[in-house]
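Per-chain numbering from 1; labels A, B, C and D assigned in written order.
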Amino acid sequence: MSYASALAQWERVRQRTERLCGPLATEDYCIQPMDDASPPKWHLAHMTWFFESFVLNYANPSYKPFHPHFEYLFNSYYEGVGSRHPRPQRGLLSRPLVSEIYAYRHYVDDAMQEMFKSASDPELLRRIVLGTHHEQQHQELLLTDLKFNLGHNPLRPIYAEATKSKEEAIETTTRQIEHPGGKLEIGACAEEQPFCFDNELPRHSTWLEPFSVANRLVTNGDYLEFMQDDGYNNPSLWLSDGWAEKQIRAWQAPEYWFFEGDEWCEYTLHSVAPVDLNRPVCHVSYYEADAFARWAGARLPTEFEWEAAAHAAQTGYHGTFAEDNHFHPQRQKASMTGDCWQWTSSSYAPYPGYRPLAGTLGEYNGKFMANQYVLRGGSCATPLSHYRHTYRNFFYSKDRWQFTGIRLAQDRGS
Amino acid sequence: MSYASALAQWERVRQRTERLCGPLATEDYCIQPMDDASPPKWHLAHMTWFFESFVLNYANPSYKPFHPHFEYLFNSYYEGVGSRHPRPQRGLLSRPLVSEIYAYRHYVDDAMQEMFKSASDPELLRRIVLGTHHEQQHQELLLTDLKFNLGHNPLRPIYAEATKSKEEAIETTTRQIEHPGGKLEIGACAEEQPFCFDNELPRHSTWLEPFSVANRLVTNGDYLEFMQDDGYNNPSLWLSDGWAEKQIRAWQAPEYWFFEGDEWCEYTLHSVAPVDLNRPVCHVSYYEADAFARWAGARLPTEFEWEAAAHAAQTGYHGTFAEDNHFHPQRQKASMTGDCWQWTSSSYAPYPGYRPLAGTLGEYNGKFMANQYVLRGGSCATPLSHYRHTYRNFFYSKDRWQFTGIRLAQDRGS
Amino acid sequence: MSYASALAQWERVRQRTERLCGPLATEDYCIQPMDDASPPKWHLAHMTWFFESFVLNYANPSYKPFHPHFEYLFNSYYEGVGSRHPRPQRGLLSRPLVSEIYAYRHYVDDAMQEMFKSASDPELLRRIVLGTHHEQQHQELLLTDLKFNLGHNPLRPIYAEATKSKEEAIETTTRQIEHPGGKLEIGACAEEQPFCFDNELPRHSTWLEPFSVANRLVTNGDYLEFMQDDGYNNPSLWLSDGWAEKQIRAWQAPEYWFFEGDEWCEYTLHSVAPVDLNRPVCHVSYYEADAFARWAGARLPTEFEWEAAAHAAQTGYHGTFAEDNHFHPQRQKASMTGDCWQWTSSSYAPYPGYRPLAGTLGEYNGKFMANQYVLRGGSCATPLSHYRHTYRNFFYSKDRWQFTGIRLAQDRGS
Amino acid sequence: MSYASALAQWERVRQRTERLCGPLATEDYCIQPMDDASPPKWHLAHMTWFFESFVLNYANPSYKPFHPHFEYLFNSYYEGVGSRHPRPQRGLLSRPLVSEIYAYRHYVDDAMQEMFKSASDPELLRRIVLGTHHEQQHQELLLTDLKFNLGHNPLRPIYAEATKSKEEAIETTTRQIEHPGGKLEIGACAEEQPFCFDNELPRHSTWLEPFSVANRLVTNGDYLEFMQDDGYNNPSLWLSDGWAEKQIRAWQAPEYWFFEGDEWCEYTLHSVAPVDLNRPVCHVSYYEADAFARWAGARLPTEFEWEAAAHAAQTGYHGTFAEDNHFHPQRQKASMTGDCWQWTSSSYAPYPGYRPLAGTLGEYNGKFMANQYVLRGGSCATPLSHYRHTYRNFFYSKDRWQFTGIRLAQDRGS
């Protein structure tokens, strides 16, 4: 990637972030509704801190940071950078004010623009591109964290009116698409791709037994059948840890569903409405995805099966991404991607021969390779310009606040 | 009290509340820095809800509340009113917006003004006066809760510039003032006083052995001696529960103190500065007050001793109250009152013959009469117009976020 | 008290302890069913450690302790003695074996006997008497802790067959006995009594308004009426802290009650049987006692009222104590004492002029004078030889595992 | 396997269990030193319950269980069987007595012997063999749980004197053994093996990149170098979850190590002694194993690499197993197996085409396939007669109380 195109992409992404915040009131910027969900204010500052720490400080040793305490306040988890404000206390900071955070962004934007004029170092370019993708990741988190705030407010305020959906003909039939398996190449090809994270490398061989995956995501209608069959109360369908978690949290439906009057309703960023049976089910944990699959006589795909199937699919249609401005799964045509991140049965682990980035940036992905599960496919809150089939998202098996859904897979006789 | 004077008082208090919020940014209204410390936004709404629930609804059965959900959101603890938003989640509400809370206040203010025009019911008058004192209580809490927020922000922002202190000649000598004890009357005399809470009644007899109390509060200088004598690490000075609490919380100084450079500093609502040795020590728990007293060869007074001594004192000087706009203890002349609430060794319990108010308002005080300790004397954040010597404040022995200080007492041979 | 009578009393108490353990299997000695309830093995060792630490070490500086680690293992809470095994881990020690604990007891008994031969120091005598009463306190705890173990075992094993009750004519009428109040002396008179704890001193004056107390304890039958009137689910009857505790613990009946078939049953140390409506209700918390009293239109007595009423009562009958070997409340004749400890509304606090014992023994009582409530009257597990009307027992308001019951009091017009 | 050989094996295993308990005092049978470590008494009963529930009940519908409550008390986690005593409360049961547990075992043994006389059903045979291996698994847990009890007792009692070690020539050189990778078969071949668990099936293909594994386990000497290089305090070596866990638990050395005098010592089932530098390091978590590997410039093997390497090794020497009666890792010759379970980097997941056993026995393994890591190779507490190279043990990444050690692997250029 050239510096010119990196600049153009960087500008688009920075502007997009602020546009996403357009509908927010000052108060909305401040709330941390649970430990994992940061306030929008924090996201805005942290994205900016990333450029300050890893780009501007690198490019210009005499760069003067905007504020001496912001490194402490807005470092997320980089031990190599130093100590930092405790994550569960991000919502306890009324100061800096929202206006000061925007001033911070613009101060850093100006410094970045200035730097672009004379930059040519390829490592610096890599860091700019990484920072841009980092900001796109946080755009998605900003939306899911905001949703957790608004969606758990008893007043159930919405984020914004819905963008009108292009009501294309939807797929009404679910079927399994077979894949012969065999020896396959998995992972990104660093040379052929404008960008990938270190965790997608190196490209390497794997062996798959024959399998099939569904042509579409599990729908709310499918999921309601599981619920009506008492799926939430049948321990034989559940992993042991999942059954324990379900009981502690008293799960009886996906996050954001609630029973009112005589029907299941759902909070979305745009509305409070009865559940649409034709949309993909969303906001389920790994445990629920796994239990549903067992109930359905199927299983979740591995991340390798998923990647192979995605490369084979060639549908031309990619589902809903953030650029569609829906921020909620839509009625689907058949697609391997979009709308909801898809839980895979693969634990998040390094690929054979994995090497993290050098230095502190090596903390970006590598140190999280334990106890989490890989999700694939992107969601309605993921920028399409940030997506590729080799993308590995990862969350804990109990997590439900992302746009997470289910695709079923099955074994096939070889 | 007449309706006319109740109206005048009510107007002053309502305006005062908003003036106290003058220095706040929108963001400051939203933060709940710990379970016990509510966001300013919540206080503003709750004070208003009190008038809506207990005055307007009572005065006019067809009164239309401002918002159907506000009763749920802003009821503090009245089981008789119904269910309510969980206390630890008061800081998770970005909506209603601050501007909506002010609109709520003004809507209720208008309805109150309208009601005043024709009101004459003495029970209604009692409720208006109670609501006015309720609002004054929350003015103090608003300040202490705000201080907990700002004072624990790593940026240590201040609330406002300090009001200049009238530097009167301060008392430099601490001495014990003797009281002969004997049979004494304790509690408010409902007939002689414009207002008192139910917990100050009935006036009744008690017997006191001879005792003495100090003419002034324990100072920071006194307290530093205790610290320098390793008072925080000597278990023989501490109550068992206090020693456990101290270890869990790693207390080594009062709340808001921190060691920087080579000296102890203190965060106040106006400044971050070295501790002033001549001011009363503040923000200590009951456990610290008790340990300090033991170290000093003294003890805390009972609330009965305190009240008897206050009535006997007649100094003419009453110390610092909220009307002084200092919001921090000042260098003191001898006084039984003001600057800091004073921990007494009396558990918060009903007086003999105590009867709570009828109905739901009976929950105001009575149900808290367990496990807490009585504090006396008012503080720099207490409105003087809200104060009287029979006033019983109460907090848990571990609490430090109020303006709480220490007065020493001693036994005297009879 | 003379050395000769101290020796006789000490021998009786030491033997009694072992006789109480007669029905125990080795396994029963080891269980700590909750943090507050120690294993019998620990009690046996701790009682012995008390004599080793405070008597033998004091009497003979060259005394050789039985085992170098036992001071660490069996010190309860004496900071002045040194660090100790954490209380919640007392049940994690399979070693020392029960047989070793008995060997420890007998080693110390031998040393005590030897010491008695030549002792004459009055301070030593005081310590022996204190240690003897200490052992009697732990006899009661041993039984209540054992009950918590056996009573929560799904097999509900009993401790021993019941001693046959002397079925005397029971009192069937509950009535309030009036007391005129006035200036009264409270507390032990050290000179006139063979023994009292420091917390019963000094004897001092208090003033009581006229009051009355019931002639007998609240019965299971009375309490069932409260339950059937939905007393456990009516927040207007409860203290705020009590309501919270009740919900966390899901209390719907006293400890050891369970509903089976179509009736309430009760586990006792001797049986599992339907609740006997004529016995005193037992194993209730302060919160339940207080809620019951409010429901009954009465209140709990203060400890001063209780003591005054007990001195005035002169019934000649003292209720059930440990020497009766029932270890469960019996059908009652009118009595101020026995069967169940009675919650008073008095916080556990020092008497005016209180001085703890000198040195480490000062930790015996004084440091617990916060956050607990005083209980009076002794129980079916309290040795009568250990009891006096000035005795102040104390537990936290949430505690239910002692034999704790309810006596009602009322205000009287003066 | 024939019924005759199953009977012989079953008898040997049942006797072995009781022989392992030979050194225990009654008290030792009762202690549950943490939630995960059950009392020996519970293990003895649970092993027996397994035969009662899955063999005797199956073989003979009119079989009369020993005690009506034992199904509730000794069911471990089989939801299909019904509700059960909470796991963290297994140590709160003084009853049933140890002697009753032995009576239970012998009652079931008699019924089993009787059943063997006429049995011929192949499904019954499978269940007997499964139950026998189940008992062997619990033999290992019994020892590790007992060690956690004794090893955390401040008296540090030992289990038994050490069996004298055959001091064979030990391996002093660590080297990496290369494996070419490629397409390999993984998992058990059900037909060729007398027994395997369902989680070892089906045998299937996998693709491995070239790799190498060490010829021996990491030694205490190796691990001390990591410690001396401040490995426990260098966050760049640790997984994020591991770093958090390490801080919460204050880990600075393997479990059972303690610094005394001027050296590191280790508690074993036989002794308290200075750490032997030539023995394999033991009782480390996955996090520590992973951090050590990163520090050493290596990584942990996957379970597939491990299995391939084990099949390739052919050393003839298999390390220390339970039959050696050492119950602690010994100085090692090169071996892929024995002494310590070896953490692999593989999350515990179903093999492609995995099918759990039918019915309630399907809960044996399948429902644990989340959030845990696979360990391979067997330990000094694993019966060799229970072991095979395809054996998949699994624990959580934080667990340290098993005999868990480290083998290093590396990537190799293809």
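Here are some notes:
Rule of thumb we're sticking to: contacts are C-beta pairs under 8 Å (C-beta built on N, C-alpha and C of every residue); 3 or more make two chains touch, one makes a residue touch a chain.
Everything numeric in this text was worked out from a predicted model, so none of it was measured.
Shared contact partners of chain A and chain B, listed by label: none present. Among the remaining chains, A is positioned farthest from chain C, on the basis of C-alpha centroids.
The geometric centre of chain B is 37 Å away from that of chain C, both derived from CA atoms.
Averaged Cα coordinates give chain A a centre that lies 59 Å from the centre of chain C. Residue positions of chain B in touch with at least two other chains are not found. A ring topology is adopted by the chain contact network, closed into one cycle in which each chain touches exactly two others.
Every residue of chain C that touches chain B in the complex is listed here, in rising order: 77, 79-80, 183, 204-209, 211, 235-236, 238-243, 286-287, 290, 299, 345-347, 349-350, 352-353, 362-363, 367-371, 397, 411. Remark: chain D residues 25-31, 33, 69, 72-73, 85, 91-98, 149-150, 152-155, 157 touch chain C in the complex.
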